[in-house]
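You will see two complexes here that share chain A, one where it goes with chain B and one where it goes with chain C.
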Partner chain A sequence: MALNRKIAYIDLSTGEVETAPIPVMMRKLYLGGRGLDIYLLYNHLEPGVDPLGPENVLLVSAGLLAGTLASASARSHLAAKSPLTGFVGSTNMGGFFAPELRWAGFDHLVIKGKAESPVYLWVHDGEIEIEEASHLWGEDTFETQDLIRQEWGDPEVKVVCIGLAGERLVRFANVRTGLKNSGGRTGIGAVMGSKNLKAVAVRGTMDIEIEYPEEALKYNKEIIDKICSTKFAQIMQRWGTMFIYGATNSTGLIRCRNFQLNQLVGGNIECEHIDEYSIGTEGCFGCSIHCRHKYIIKDGPYAGVYAQGPEYTSQGAFGMEVGCNNFETILAGNYLVNKYGLDTLETGSMIAWAMELYEKGILTDKDTEGLKLEWGNDEAVLEMVERIAKRKGLGDILAEGPLRAIERIGEESRPYCIQVKGMSNLHSDERPTPSLALGIATASRGSDHLRSRPAIDLYHLPEALLKKIYGYPTPYDGPLSSDYTTYEGKPRQVQWHEMCYEAVDCLGICKFHTIFLSPNLLGFDEFSKLIYYNTGLEISPQEVWEIADRAYTLERLFNIREGLGREDDWLVDRYFDEPTPLGLEIARNKVLDREKFKQMIDEYYALHGWDEKGVPRPETLKRLGLDKEPSHML
Partner chain B sequence: MKETKKGKEGLGKVRCLNCFERFEVAPRAEIATCPSCGWEWRISWPNPKLAKIRGPVWEAWEKLQTRGE
Partner chain C sequence: MQKILIVDHERCTGCRLCELVCSVKNAGVSNPSRARIHIIKWEMEGFELPMVCPQCEPAPCMAVCPVDALSRDGDLERVVIDYDLCIGCKLCVAACPFGGMGIDTVAKKVIKCELCDGDPTCVDFCQPQALQYVPAGTVNLRKKREAGLKFSELMRRFAGV
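Up next, the complex of A and B:
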């Protein structure tokens, strides 16, 4: 059955490996993936430990439906205490690793301690072995995967690994699988590096028995038809997430030159340019969209490079944020961060911040060792990627992430650093969009667009449709507005998307198949049916919401245990003090209103059942069964 | 394409990012002007039946921004 995958506890210090079944009761409480990971993290991690010390706990998992007949059920999740923020570290990626992990018999790996020398985990058909990896240390993320596959003589081995950045403990080092997929955020790659863990390799041939295979197949066909009929999917199939740039840059909703502008005027880096380089598209396991391009760079120092992507985030990182208007710079930057194992978003944001500091004289040629960190200097941007990955000069400071870099550069640099909870913001400008601003201010893993972003708020949907979406599966009778510049009803939208994204992160389904960028995609009814047909578990849409609520609240409890307070759910002053200078009328001359923003946070806390300080109320904990955590049931 | 009260949803129609009105774009057109507010947009085609706004006509941008004020 689909529920018989195990949990493994691996101690890298002692070499001990233990396995255990996952009780159905725990599935009903947390499903799997991100949900069970936060339970395990909260229960196995001592508060206050050094995220880069052996006491940190690393979780590697597959979503509950990964490898089943649920569409796009490809997502794996990794968690730890974040070395970037000090709060919950959590990252999620597609590809083929998660299904393979489940075919190898496991859903969750709990990795503790630190190996004496580099190792990797070899997980195969119910067995886990710790393999020597000194020969892999120093290899990039592409080579590492190839070398492991060669060792086992099996091209179907799937690998999650780190690159140079993870080995050198860059605090925003990512984890990678395949040519494209990255678990980018919160620095999980540095946690792996701190444990001398170069990779986790998996190969499995243990079938996942689908509970109702005929119904599951039929339902999946319905879902694929539904997804592929949307305009969103048809555009994604052609150009991937890069399509978002067309609307956001046109409107004036992007960060340009760090945070000085909200539009790249004359921008020539639209998604359509990928047609000149693309040799086709690929998808993750079970996906009908295939949103990533395979491309070859034609000219310049990176001519001949073959890579996959880029995403919208790399357009920002190596385009708008750094003032570059050259599509090949985006392709090259995307390749470099993937090769070294760096979070593209954080890398671009840190470089853009350094460029503004250079412009203002806070950083000088002496600091940059002569590198001209000027807006639009493509070569300098790509050189900084190298320096960050190798921790060279200024790159070593930026590799520490926003808050530690501020400490080293000086307080005068702080106002220009666009971050929340120590993690940089996406290259979007949320000053005209209170809902999106609330999402990044309150997201549990630090500023982030994949935890709660109500992106469909930008579509000016009719209020009747908004009520239908946001009034279910839990009732909501409050206001909702089609106008994305208002503050009305936005806390509910943020809360709803938190629950939706948490649910699919537990299930291992891609967010692009949910009500994220299209109102016509999957929601809680579909999640409930997918769980039933594939696993036999009867979990109503309301119960899916409750599970998501439980997991999200536990993430909140984890953060509070690590010192989080209401003041951390806030944005830097520039959001409130500097009006947007460019864009369409709806986005121009906009700042966030502090008082209204505070009211939104109050409302958001109330919707969650948290008090005015953002602490879950006792009755909330009791309702969710969290009043006795840590309960040590796994 | 899904049939709606407005006709075949998405067939060569885009939503103006300035005024949010939907308007029809001539097949294979690369530039279109919103009949409601007059903003000019560059258009691309993910497939022959589906139009998408690629970006503003930057040459007209300054003039239009000034008018917007």
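Up next, the complex of A and C:
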């Protein structure tokens, strides 16, 4: 059955590789992917270690349903202690790596120690070997993958790798597979670099047995039809996430010029521009939404370059955040971060922050070595990407991520740095939207929109529908409001999406197929059925929720063990003090209310069964079976 | 009317769902190496092409089979394998110019697309319609119409017609 994939323990210091089965009992507690990864991280990592030292533990995994009939069952997950935040490092990506890892016989790789010289892992049909990678060190993320495929003479080999940024220990270096797919957040690429691990290459031809093949086929078809019938999917198929910009910018819900404006006035970076460059769209494994464009840059220094994307986040990073109004800069920036292996979001945010510091005179021409870091200076923005990846000059400081860069530049730079837990915020402005603000303040991996964002809150859905969604699969009779500017019921929405996204990250399904940007997509009932048809495990919707709750609470415990406190679940002062200057009436002149925000956090903790300091209560730990962690069962 | 499986590579998004559902339908497992259809990719150039047995006529696989294990099923205009006769010599695999005849290394037998007995699962799942199962007689006109559409656009744009 789909449950017979193994776990491998790999010590890069000694070269030892051990494999073990994953007991079904552990599946019932954590499913797989992100859930089992946090269990392994909590159990194998000593608290307080240097994230870039050999003691850090790196997890590479596939979701439980990756490679099965579960609609876009493409997602892999990587985890470690984050070199960016010092808290849980966790990142999730699509592409074709996760199914291939499972066809090669493995679900979880636990990678410890540090290799003496560059290596990569070669995982194939039940075997794992540590291969020499000195010849790959210094290669970009595209070339690295291609060279490994050539080495084995097999174009079907799938690779997760790092680029220059990971090698140079940029604290927000990402991991990459394919032309676009990236595990962007929390700096897992730097962890790989610190271990001298350039890549993990996989190739497999082993069966993943499907428990009920006929039913699984029938049900998968049913949900694909359901997904593709939604307006959301149809728009995504056409434009990808770039479509979001049109809605959020026109309302005034984006960040422009770091945090100074909430709208790009006269903006010319709408998704429609992609048609001038696109040669079609591509999907991840088994996905019918195929949201990424394949594009060729026409002019400028990158003319002729073929790349994939960009997403909404790159529109922010190389568009509105840095005050650039040029679609080709977005295409070039997206290409560069992918080539070097940088988190596009963090890169854009760090540059935007530096630009505001430059505007305010906190950074000068001396600091930038003459580079004019002015809003809308396209060349300067792209040059800063190079400098960050190569750790040159100011780039070397920015490569350290928000909190360490503040220490280097000075306290006067702190108020302008828009981050939570040391990770930069998405290029959206959450001042008019308390639910979205609560999500980024409390997300377990630092400021983040993919942990808990109740994006459908922006749709003013009718209360009856909200009750139906948020009152299931655990009961909730508290308030819910269709008005996204209020504070009512928002903690429940954040908690609900936390559980939903945790569940899909455990299963290896893409969030775009779930209730993230459309209320009509998959939820807990569907997750339960997909698990049953594909693996035979009988896990009710309520139990899926409980597993998600367990895994999320364990992430909380991990963070607390690393020193997290209530004060870390908070936003920078600008959210409370500076009103939004632009946008429609609903978004203009808005700040968050400190007192109400504090109450939301209280309510959010209470919903989780955490005390007023955000620490899970003993009875909560007992209920979730976490009272004896670390339990060292794997 | 006789139907054929046609591939429109321009619509293919490279998701490989066809490989997945083919292996589940025919082998009961998820394993593209046992699928009858494959997406061949040139990843660095962004080009993907679904490759599947085109049910040739005359079929080289049939011609080289020493034991007549391959035969044409006239109803569905497909080439089928009779495993009771097949001796596993793999001459058909060598003779096929398209890689349409494959080897299932788990079941230890040669495999090919047999159009799921007239209801191809891959077509059913291919949302972008890169794979279509259509009456053979309509293919010509459909392609002419598609080409004509492009032609008419050019005429409008450049010749003002």
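Keep this in mind: the second predicted complex is superposed on the first by the 634 of 634 C-alpha atoms of A that agree within 3 Å, B and C clash if a C-alpha of one lies under 4 Å from a C-alpha of the other, contacts with A are read in each partner's own complex, and residues count from 1 in each chain.
Operating definition for what follows: a contact is a pair of C-beta atoms (placed from the backbone, for glycine too) under 8 Å apart; a residue touches a chain by one contact, two chains touch by 3 or more.
Remember, predicted model here, so these are calculated numbers, not experimental data.
After alignment on the shared chain A, the placement of chain B and chain C results in a side-by-side fit free of clashes.
Of the two partner chains, chain C is the only one that A:A216 touches; chain B does not reach it.
With both complexes superposed, C is the one of chain B and chain C in contact with more chain A residues. Rounded in steps of 10, the angle chain B-chain A-chain C defined by Cα centres in the superposition reads 80°.
When the two structures are aligned on the shared chain, A:P454 is found in touch with neither chain B nor chain C. Of the two partner chains placed by superposition, only chain B is touched by A:W239; chain C is not. In the superposition on chain A, A:G94 makes contact with neither chain B nor chain C.
With chain A used as the common frame, chain B approaches chain C to a shortest CA-CA distance of 13 Å. Overlaid on A, the two complexes show chain B and chain C touching no common residue of chain A. By the touch criterion stated above, chain C contacts chain A in their complex at residues 10, 13-17, 20-21, 24-25, 27-34, 41, 43-46, 48, 105-106, 121, 124-125, 127-128. Within the complex formed with chain B, the chain A residues making contact are 229, 231, 234-235, 237-239, 243, 246-247, 249-251, 265-267, 270, 272, 460, 582, 584-586, 588.
Those residues of chain A that touch chain C in the shared complex are 2, 67-69, 96, 99, 103, 142, 145-146, 155, 178-179, 205-210, 213, 216-217, 220-221, 224, 228, 279-288, 290, 294, 306, 308. The residues of chain B lying in touch with chain A in their complex are 1-2, 9-10, 17-18, 20, 39, 41, 44, 46-47, 50, 52-56, 58, 61, 65, 68-69.
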